[in-house]
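Before anything else, here is the set of structures, which you'll find just below.
Next, two complexes with chain A in common: one pairs it with chain B, the other with chain C.
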Partner chain A sequence: MAPAKAPAGHFSILYFAAASTFTGKTGEHLPAPVRARGLFALLEERYPGIKDKVLSSCALTVNLEYVDVGEDDAEDADRQIGEGDEVAIIPPVSSG
Partner chain B sequence: MAAVISSLRKQISTCEATLEDLRHQLAEAERIQRQQQKSVPQKRPLATDPASPLDHDMNFGVPDDFRSEIFAVLKQEAKAVEGTESEEPSRWPLEKNEYKRYGRQLIMPEVGLQGQLRLKKARILVVGVGGLGCPAAAYLVGAGVGTLGLVDDDVVEESNLHRQILHSTARVGMTKVQSAMVALNSLNPNVKLLPHISRLTPDTAISTFKDYDLVLDCTDTPTSRYLISDTCVLLRKTLVSASALRIDGQLMVLNNPPSPPGDTTGGPCYRCVFPKPPPPESVVSCGDGGILGPVVGVMGILQALEAIKVLTQTPAASSVDPPSLILFSAYSNPMFRSVRLRNRKAKCAACSAHATVTPEALESGSLDYVQFCGSVVSNNDALLPDERISAQNYAHIRSGVNPFTGTVSSKDSHILVDVREKVQFELCNIDGSVNVPFSTVSNMQGDENDWVTQLRKSEKPIFVVCRLGNDSQVVVKKMKQLGLDAGGKRYIGDIRGGLRAWRQSVDVEFPEY
Partner chain C sequence: MSTTEPPTYNPSIPSDPITKTTPTIHVELTPHNLDTLSATRFVRSPSAGATVLFIGTTRDSFANQPVSSLSYTSYAPLAISTLYRIANEILTKHACTKIAIVHKLGECPIGEESIVIAVSAPHRQAAWRAGEEALEETKEKAEIWKLERFEGGEGVWRANRDGKMGFRVDGGGGGGEGKGG
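So, the complex of A and B:
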């Protein structure tokens, strides 16, 4: 688990379920700011294959709030992720 | 051979013990039946008052043996109060035993008498009677809901028992619905249980759901999650959805309030939160990925809790909790996170004004959930026949004669690579095998890795084995891509059917997990 507080100029990102399996981490700190819509491309660069295998079906939250960046005209496409924000990548879990 | 003989002896004695046990159970059941038949003539007439919920439940919701037990008790009580007026309408809204049974929750302001009466009136459907459904159903039946429906077509297996707490060792092989009904009945005979021993499909979903007030999604596949959510939106039922895998769980109360599709005051549905299904090859079942019992237990219990909260709220209460997604991570700190969700999505395929999910589309089969969620292309034939070897032939290679070349060999004549994950490899493995986890192979960047270097040092043939014979084929292909087969000079192949086949046809002692 990444330490609760991100260092200056960074945001925290948490990986749940399949995202955690894919990255091998539960979380980390990445440099801020990032455009919400650009986050998936950034992660794809770090973890090749993650976009198709995991991110395409994930929910994304910023500071515990659901953010919709699914399509170009999505509500939060232009939202910025800033220093100190906490982002979570939440893949659907379907087992039970 | 000695091992085989001793194993067979063991199996026979186990079967004999089981048989003996079944004979006892049969004798007992026959004895009870005889007793009941004797007592039939003394039974009180049925349905003395159709309006009385107790009479109704007594006549239709309680199994015979239990009914006779209750009548025996009632008879004694009736004797005791003989002479007093018994036809008087009940003074109290709940039965005497209910005050006692539900007393601990009745005295809470969150429930109270009105809440208990709402629970008693409620009809709840639990879809899936596994790791989530068992604890959820147990707590709802314990809390005294009026009617509980159970949907599942599966049978109880030994590997279910560490988490599916309604089932038992003796009921392995029974359908999960019947097994759960035995347990739930003994927990609280006041609750009417309705079995639906079938798999939920688009053409049965509406007719199955329509008579219930609230639905719990306790299933384990993406297809069922979308189907259940869509049906709840169409029928305007609130849905409590949960899931769990390994050490993670998720919980949402969806379609709450259950306004009609297109009404933006309604709560979001499953498609609003997860509009795209996960890619099929990334979907992992508890059988493959593993699951910790208390993790799925926690999620099932939270479902029961949310259901009780929804059912007991006063109809006038305008303040429905804003929609949220609860994330549970057993090994993180904090273990729980609550994420605020949006309202209904403006373009949702199910609950928006632009919905394409309609009752007609659902029942006609034009909504193809299997296609929507995709299915894993079976890679049973990823390799050519001569790249594969049966477990039996592989056993010959280890013990003496190579069926292809006729040469004598041993377990040192080749390299056996086991591509299961390390934890599984450590559980049990074939003597002399080396472990190269599948995740290491599939996540490797570039062309050189420790395991590749190690395998390049030798020219011995390579056999690859995994649990069931799928991953092994992928790895054989990868090894050839990496040139480990020296341009075809070195044999690389997999063991067809993996360790399961090995156990079935060579080594019956090899553990099954």
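So, the complex of A and C:
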């Protein structure tokens, strides 16, 4: 179920639903560390257009906990994503 | 910026059910057909005079467009913990006896069960309310995604939040809108 362990100096990122469709991947490994607030900009560089079309409606988890990086004064604004962390892009959900 | 090859992560359809169970709570994500009777049996109790069972089944249309197939994916470790937290909160809030929430993963043929919620309580009013609230909370929060494929081949990731049709799978990702279902 979990992705292959990230190699040294990297973290894992998982893409679900629309994020998976847009990137064409279910996940990958990216170099760590990264500021959580900078992650969406980094993904926009790799996948132009993803910010407006997908990420703007997505939440972010790090190691199964939601991280709030939306505003300048957000609680987790200075959070770092480190080596070995598991990050996930969470689009709007649709169970039921 | 350098990256490694994508990991061999499989999005998500486990071959066996993923569960978390205590004496009063059972939550499950399963690739198998949902078993309404086993959910009902789990919540049965001598101290409960009422059991409410909700069965959600997949519909054959969305905003008047015929749906040909559906499938569900999940971030299973997070979804299980979210379902467990919802179940625990509902039990406490409505003083229920037991609760089971079971959701399907993978392909779900039209007309078949995609979610089953069973709640038992000493009296019927609490069980009705708890069942409804458990469903609404699950639809709002559980990290599970529905892919609807329409006749003609187009697929769309639904979003419960706003009732919109969501993100198109074919054609590069414009967001179509439909009326909420």
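Simple rule for what comes next: the second predicted complex is superposed on the first by the 89 of 96 C-alpha atoms of A that agree within 3 Å, B and C clash if a C-alpha of one lies under 4 Å from a C-alpha of the other, contacts with A are read in each partner's own complex, and residues count from 1 in each chain.
The working rule: contacts are C-beta pairs under 8 Å (C-beta built on N, C-alpha and C of every residue); 3 or more make two chains touch, one makes a residue touch a chain.
Bear in mind the structure is a predicted one, so any value in this text is a computation, not a measurement.
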#### Entry: Combined model on chain A: chain C and chain B, fit or clash
clash
### Task
Name the contact category of A:Ser56: first (chain B only), second (chain C only), both, or neither.
first
### Task
Could you tell me if A:Arg46 is touching chain B, chain C, both of them or neither one (first, second, both, neither)?
second
### Query
So, A:Ala17: does it touch chain B (first), chain C (second), both, or neither?
both
### chain B versus chain C as contact partner of A:Glu28, first or second or both or neither
second
### Task
For A:Asp68, select first, second, both or neither according to whether it touches chain B, chain C, the two together, or no partner.
first
#### Entry: First (chain B), second (chain C), both or neither touched by A:Pro7
second
### Query
Regarding the shared-chain residue A:Gln80, is it in contact with chain B (first), chain C (second), both, or neither?
neither
### Message
On the A-aligned overlay, A:Val93 touches which partner chain: chain B = first, chain C = second, or both, or neither?
### Response
both
## Note on the structure
Counting residues of chain A touched by each of chain B and chain C, the higher count belongs to C
## Note on the structure
Of the stretches 109-117, 199-207, 361-369 or 397-405 listed for chain B, the one clashing with chain C is residues 109-117
#### Entry: Overlap of the chain B and chain C footprints on chain A, listed as residue numbers
1, 16-18, 20, 26, 53-54, 57, 61, 64, 88, 90-96
### Summary
Listed in rising order, chain A residues that touch chain C in their complex are 1-4, 6-7, 10, 12, 14, 16-18, 20-22, 25-31, 42, 45-46, 49, 53-54, 57, 61, 64, 88, 90-96
### Task
Would you tell me which residues of chain C are touching chain A in their complex?
1-12, 14, 18, 56, 72-73, 75-78, 81, 103, 114-115, 135, 138-147, 157-162, 166-167, 169, 173-175
### Query
Which part of chain A faces chain B closely enough to touch in the complex?
1, 16-18, 20, 26, 48, 52-54, 56-57, 59, 61, 64-66, 68, 70, 75, 88, 90-96
### Query
Residues of chain B touching chain A in their complex?
128, 130-133, 218-222, 225, 242-246, 248-250, 273-279, 281-286, 289, 291, 296, 299, 325, 327, 329, 332-333, 337-342, 345, 445
